[in-house]
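Okay, got some structures for you below.
Next come two complexes, and both contain chain A; in the first it sits with chain B, in the second with chain C.
Now for the complex of A and B:
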């Protein structure tokens, strides 16, 4: 690895860390202004982060974020902004929960495998609508996916309410029929850490291989960087758009699986954890679309949220964590801009230096 | 540098998304609570001064807050414990998204918690779920913190509560508005006979209606709200079997906007008022405010009926002239009673139904608009309590 590459990695990593620190400082100021001790708040969160249970919880929360981060990053790599992750995982979760109850005759590993395949297909299919609209009609994917999110929520609510609702006794907790045990994703630590964490790591690894190590990934990144140049060298950008969005949707399909197959073992309209698609954008941004970055930022977001649950005990509103997350995203942009300029300047200087050096050498020989 | 431009657009979207998520969570609150009235909950500021508020017993030394008297006779489901509450013992409240200050259901639980703090001298630990992911950790944290009892505010806690209650058999839990499946030795199900309270406001609507034409607006189309409608219909028909009752739901199950769309409710209510209806009851969270506004706009003789809290107490003077009564659901009393009962030694989980019989639900008399029919309403109330009238639940 040459010096330049090392330097670039160093700058990128440092700027992400700087963004997080910057966010902590800003929130410290907010806490001070509201008459609370930042050190006490951060100490409480730090202590909480040392607890085994909170760590498991952090990983549990990070798991869907890793899927979401990869899904968004896949789009980013092709210069596409898949804001529709939200709708894609909702549709996937509903359909998977329904299919999961109907294939109970399958043995355990196969049952889960089929469920995951269904989730991927549903996510991809829902994203595919946006892809189709983009390549056929030139509809901007941002607009299309935002609209598809709204449609997904209503469609899921209608399907669920009309055909698939199920309740036990006097319970108000309306869900789809429970998925038989063979269709559950087993826990690593009972009720605390689900097996989907492993799946998430595998998906991130696959993301790395596909995007950074395969010929397809090279084409994808090339089209994302410079569409015209890629076209000139024979890469069909339409094909890349469709493939990238389908893959992105397929990965998005995994997001709701931990809840559906690992926790509630059914789909519920009202208990559904939403908003992960948006957080996924933050994770991809902070992680710079890099697999390791995505894992680390997902874990960071998970840990922040998990340790914040203790803040209620010292009467500090947990909203502070949402502020931290928001500021992190903003500072990522600011710090990235600054470090980008710095790297550009360095590159220019080096180039100028090299040219100068070259000229002097020529001058000497001439 | 095209990437950084993209990055800027993306981050803007994230910030908007986070903001949307923040708004979304407050909307979700009401879905959990499903029966509440947005933005108008009574607060401790009105403690004791509430005219005509229903009471939950009248034992001397009871605490009063938000028009509710605490410290009446405990419902039998708690097993009539006889101990005394240890001062400084800890009780936990796990709010759902929205938490304290949501103006509805969580706030009602908070009033009960506050009353327990001042009235019983217990320490209250409160954790609020920011997202669905927080429910389990919050219950676990409170359990690990030594809180007993721990009250989960809303049926969305069910799945998590079942796991955690099983893991902590020595801690007592309460869950509002839900009966979790199975035999749960350490869970009190705190449920409300909303149909009974709704029966009375339905009767009031029919007695006050001059046109023989009334309406019902529900939030999400879910069983919890069907329960309100069923009682309301039965009450109205008990008075006038030929009465015309309009009915509409603002959204399907899971459509959380249904609880926060006063504009939709207003549109529907305006249509009904115009076509001759003169009393409309809404069980639709914050959307119910739209019904009240529609009644104000429709003019004299048009009434709205509030839900959950006594909405008259927090309405504007113009609105007050159109709030006939409210169906009051005492989540605060349920919360307080659970803390008190467990403090006194209750150790056997059960289903506690807060009904007309124990003043867990009722109708509000603020404004004096139902004073002339109070005798009739109390007659129905007595008949329901005695079992002479059986109010349908669906």
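Now for the complex of A and C:
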């Protein structure tokens, strides 16, 4: 049995790696077609990945992706497609940046804690709208969250521009009012690596415990897996939908925090991290909703993006990385499907074989 | 592969020799030999899972055997697909009909083989041809009726027409009587006899011995994937045939020795429920009164789709009642949640185990925990006690004889019978006051069926009440202390097992006879 379990894990991991390699090959072909040397590009990225500064940058970029991956994976586990992570973290980041400036009287750790709580509540509340629509009106969460994304992005921009613009001195950078120092998340390595990396690892760990180890998580997975069977067993699927989306939104609330509390110490319209919610879907898919998979996928995506910053030096557009990411997602879906079927078939064969064997043994002893 | 040898004697319609087929999760066919004479009804009997359907799928070209030869009308064949089997005149009527509800009878019959000129279907030609076939087999069906208006028996007739329309003269019928009431079975057999008289050959798969003995010219028995012999009906008794099938003597029904208690476990009082569709409201069940006493098995007979499923949902709390009450051990639970009712002592073996009972890709131990996960032994604080849950699952596997390599395999890896035993185990291990058992032995082999029946009897003798819903009349008569019949959402008869003959039940089940509910 253990061997079989190991094999399952092995096949899963191998299929994800294969998807990544496949994506690199496809992008290599694209590079060739545009008259560039894939080996030169990959070599440049590989060399960059060896640099300490790039590595820190990769982790910095991976941190919001881990939150995003967890948020999306939480939905997936309940068979919900939360595309609304993008909007949820926008709203959460803006509200948190504003609240953070008003509670400067709190001591440092408490100040940060309250800010994080606000971010979670905002993310959950925004996701809650979609949950409410689904449970009460049967609106598909994909439609609801896509619409809510558009609303969130416009709403945040409007609120920011109308009420919360603040110009620091003669700086070109328009932000909200800066958050006092007590509300900052400290760096682990000064100006290179922020403390949110640790928070992200803790959140991934919590995701693992809650989803895979707790009774609540069991009910969540059961509903996601077969909601009719879950209902028949007395698990309220409506409650599970609401809880899963609220939790997903709460985790999404963390995504913008590294920038807001650890980097610019304010919400800014320019250069605010965007598209993380969608990348989170890729992270969850590549990581197969597994905590370790999510961490590794986020780090991979972070590393790709960080090392791509060097591509400008050899006059290759950084967007090649986005193509790689896109192809990874497509190939991971295809490869997972195929390998999953193969593993299922093997499992069934083995079980049948074991039972047959068992039967003949019984026949001999009887 | 052996080479085709010219058959000097009268060639068989179908001749299978040394067929071997390996197939994950299903007992393989090995060393199967079958000779079917032209113009006969040849029955293939065996327990569920013995390999009958696998063998027929091989003959129909659904998959290729690993070894062995197939001859049709004396010619050796290698089918790569059903299309090739159809081309030499083999047709298959599946157990689950492959018909489109939104088309008419005629359209269903000609679908995929429409008489057409330049892409335009020639209805008149189709009608003439199908009508002639229908007349030939004595089927009275309105070719222009929508299929959705047809009953099960008529749908089967349409399936047969469809196969004949494609030029089949060798018909394979996979468990054709499983979905029919006794009167419809008789009609089917008449049709088959007409077909055979007209020169066709019928291969008829079943595990119901009485039918097989009544209708077949020859009977081949399959056990554990291989053929154990071919006999004629007049040379064998029912019990001897049963022995051939299971490899030992059929168990006799055990008369009950315990008494039904006075306490009422479950009271369903005047329960009704409606489905609200667009612009219409229809009762799915109406004015249902059922009492299940301590130690009593109440059988509910009925053709599927007459409100039994919804009634179960109503009792469990999955469907709200529009009137009436559900009382469990004296407590009114009409407005309680599903979880509350299950915790208060309702067990449920559902109609469709894949849909309603199992998480197919989750390990068995998670499946046996489902619905019971709030019990202390499955928890350490808010976390799942994995070891405890696995140990509990191992106990169920052992006590209910679930054949599996372990508790960690995903549920889909088990055969249907073993999945069912696992579910029965999960529901019984809680010692519910009432068990709602819907088709508890559907699709399981005789061994598992006997095991499940024995379990239900034991639990009943210990005081559990059982509401048994089944389409298998033999099961209902064997187990029930009282049988009610549901037709069109209402109870149309209440009978004792002694009164209930399959024929009488059939009359009530089809609505031919109705009796005011007592």
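Convention: the second predicted complex is superposed on the first by the 349 of 366 C-alpha atoms of A that agree within 3 Å, B and C clash if a C-alpha of one lies under 4 Å from a C-alpha of the other, contacts with A are read in each partner's own complex, and residues count from 1 in each chain.
Just so it is clear, contacts are C-beta pairs under 8 Å (C-beta built on N, C-alpha and C of every residue); 3 or more make two chains touch, one makes a residue touch a chain.
Predicted model only: the values in this text are computed from it and were never measured.
By the document's definition of touching, of the two partners only chain C reaches A:349; chain B does not. By the touch criterion defined above, A:282 reaches chain B but does not reach chain C. In the superposition on chain A, contact is made by A:336 with chain B only, not with chain C. The larger set of touched chain A residues comes from B, when the choice is between chain B and chain C. Once the two complexes are laid over each other on the shared chain, residue contacts for A:216 go to chain C alone; chain B is not touched.
Judged by the touch definition given at the top, the superposed model places A:236 against chain C, while chain B stays out of reach. Using the contact criterion defined above for the overlaid structures, shared-chain residue A:173 touches chain B, although it does not reach chain C. In the three-chain superposition model, chain A touches both chain B and chain C at residues 225.
Of all residues in chain B, those touching chain A in their complex are 1-4, 6-11, 13-15, 17-18, 20-22, 24, 31-32, 34, 125-128, 130-134, 136-138, 140-141, 144-145, 155-156, 158-159, 163, 167, 177-181, 189, 191, 221-224, 251-256, 351.
Interface residues of chain A facing chain B in the complex, by the touch rule stated above, are 53-54, 57, 60-61, 76, 79, 81, 83, 142, 153-154, 156-158, 160-161, 165, 167-174, 191, 225, 259, 263-264, 269-275, 277-279, 281-282, 285, 305-306, 308-310, 312-313, 318-319, 321-322, 325-326, 329-330, 332-333, 336-337, 340.
Across the interface of their complex, chain C is touched by residues 1, 5, 209, 213-219, 221-222, 225-226, 228-236, 344-345, 347-352, 354-356, 358-359 of chain A. On the side of chain C, the complex with chain A involves touching residues 24-27, 316, 318, 337-343, 348, 350, 355-362, 366, 369-371, 373-374, 378-379, 382-384, 403-406, 408-410, 412-415, 418.
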